[in-house]
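Structure provided below as structure tokens; questions to follow.
To keep things simple, chains are lettered A, B and C as they appear, and every chain counts its residues starting from 1.
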Amino acid sequence: MARASDRSWPDPEIAADLAALRAAAPLVHCVTNVVVSAFTANVLLAIGAAPAMVHAPEEVADLVPAAGALLVNLGTVTAEQAEAARIAVAAAREHDVPWVLDPVAVGPLPFRTALAHELLEQRPTAIRGNPSEILALAGLGAGGRGVDATDGPEAAIDAARDLARRSGAAVAVSGAVDHVTDGERLITVPGGDELLTRVTGAGCALGALVAAACAVVPDPLRAAASASALLAAAAERAVSGARGPGSFAVGLLDELDALGR
Amino acid sequence: MARASDRSWPDPEIAADLAALRAAAPLVHCVTNVVVSAFTANVLLAIGAAPAMVHAPEEVADLVPAAGALLVNLGTVTAEQAEAARIAVAAAREHDVPWVLDPVAVGPLPFRTALAHELLEQRPTAIRGNPSEILALAGLGAGGRGVDATDGPEAAIDAARDLARRSGAAVAVSGAVDHVTDGERLITVPGGDELLTRVTGAGCALGALVAAACAVVPDPLRAAASASALLAAAAERAVSGARGPGSFAVGLLDELDALGR
Amino acid sequence: MARASDRSWPDPEIAADLAALRAAAPLVHCVTNVVVSAFTANVLLAIGAAPAMVHAPEEVADLVPAAGALLVNLGTVTAEQAEAARIAVAAAREHDVPWVLDPVAVGPLPFRTALAHELLEQRPTAIRGNPSEILALAGLGAGGRGVDATDGPEAAIDAARDLARRSGAAVAVSGAVDHVTDGERLITVPGGDELLTRVTGAGCALGALVAAACAVVPDPLRAAASASALLAAAAERAVSGARGPGSFAVGLLDELDALGR
């Protein structure tokens, strides 16, 4: 049922999506976790988007209408941020702003798992997670042990397809190879590097890139695939100059910024 | 009415202010946003100050008396942090500690805009913002779309002068060229680099540097100008070794640390 | 009473503890401050551990049973995070998970000082602090002026020994030379570099490394000493390639990752 196709950089569609991102410089409103907020903002700046990290319940709704996309990442969710997420998502739906759910560590933690399922009812444009998180959000598997991926990406493809069909979202499963599906089509994005797993927030940054792409690319599946391919391409280039995870993270920002220039 | 003067590094006054900073190593108490807190602390350490990022309403007042200056940055303000800001500012006034307001994204967001206007009544020593934020705080313009500068710095000079006269604060308007005014005098600080706009928290770090300078320089106008000039000088030097925004941010810390040595 | 012994890299015990860490890849649950959370997570990843930064009172208890160790760092503690810390520590004790207390800025700030003394009753496995913090926690000295170390490490050794005896914890005092004691034995860890004091969160990262080591090393004194020695060794190596504190912090992650490979 799914049509699989490999993609590698440079691909005309990915290059076009990157150019659209740089031309539009969309405001990407991030309700995200405190650990990755700086890196996420720097990744968005490097790809040409404008990050805004407003997360107070008192003001999230005011920023959404001006945003090209909204990201909701549950990494360090609290009761207050859960409320902010609900308000932001409602505003996104009201104003037809695409929004992306990154269900960090959903599965073993009941509080955020219930929130993720509640938000899932609000029809995210795309969902980005590791295999354990996607399995848990699809109602399969027990989830990982926190932010880890404890299942391989292939194991989660069926769950992703099912989740995409039920939610209407494009679903991106991160791993050594990324898989993106809208429930029918399946795109495999190879590349990237194992070092991505040793930089905190690399996965979360991909969620933000998916949101940025959704701001300028009408097809969420294509947006998620382009975002994954852009990060993978930058990662491959950053590896050559890296001595370890510290210099890799620095180089990743440099290479994202240099993509397509 | 205003006397404009160009400044470039090395300037004897700037060098003297840097030496004073390094000699005093003032404690700079930052009530700032979660996105930039690590970078802000590292910038303060690099220039020779001692950062303290305490922001709980229960304890902000206890730290202020020991601080050389207080920074209040509204980037990710919440109701709890607004309360902490009020308490910290009241303590700063009681103990004659200079304090700096960085009105991040004031204008489009009513919650923080009202807070900024409330805090403005508490007579900040200095204010640091981009043109949109200064226009909004002066009651002119609608403000930017979040953290962006959507107006050029020149457009905000009149607003800055007006704001300085009404508030009693030195006002620094950040841009390709920085402008600093106390309502009468106007100092233009050239230099810096466009890469500063592609590192999250570079503007917020300038707000922290202004606070650090206010701890050791009696004239807030001169303090704000010296802080702007120090960041601009470090940025110019960091550009040469940078491959993109990632390595530029790293080099900026190295160059701030090396200034004047 | 105390037996002092110098350690330098490579030491068979330290190498064995690093190998154990890399083999077990323990989940280290961090209830820590917002300034250092990203750097802490990257340091843990570099040494081979798996960081989890969950800090909401609603879910901290759910993660602790799966964790190899818990870190409680009071750097930006709020009332909500104090509640989370209490819950997490209670869960750690219930499930026999080792836990480490990092009493950042305890002494001058009554709110966190009271919390630290309360948590001390819950028998931490290890405590990591600078001399001022250890003196304050031991009930001696007035504490520093925030996060600074205003006393030399030697001055705090007696306090550390006393604190270790009363609390049952291994106590690590950070400084130009680190001292670790369980109240009887005293281990001196030389090395490291002054640049560690100019990177925000370097001390906090050591607290996290102590927690990671406690997850795989049964003797808390040895765990704390090995963690100190690993950070010192990485710091010494990172200095040679560093141009200042920015590149030093990047190199520190690279060198932690490279240790023992």
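Following the convention adopted for this analysis, a residue touches a chain if its C-beta (ideal position, glycine included) is under 8 Å from a C-beta of that chain, and two chains touch if they have at least 3 such contacts.
These numbers were taken from a predicted model, which means no experiment stands behind them.
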{"item": "Fraction-based call for chain B against chain A, same above half, different below", "value": "different"}
{"item": "Rotation angle superposing chain A onto its copy chain C by C-alpha atoms, nearest 5 degrees", "value": "120"}
{"item": "Whole-Å separation of chain centres (CA-atom averages), chain A against chain B", "value": "32"}
{"item": "Contacts with 2+ other chains: residues of chain A", "value": "34, 38, 249-250"}
{"item": "Complex interface listing, chain B residues touching chain C", "value": "27, 29, 34, 37-38, 41-42, 45-46, 50-56, 58-59, 62-63, 66, 80, 249-258"}
{"item": "Contact footprint of chain C on chain A as seen in their complex", "value": "33-36, 38-39, 75-79, 105, 108-112, 145-148, 198-201, 242-247, 249-250"}
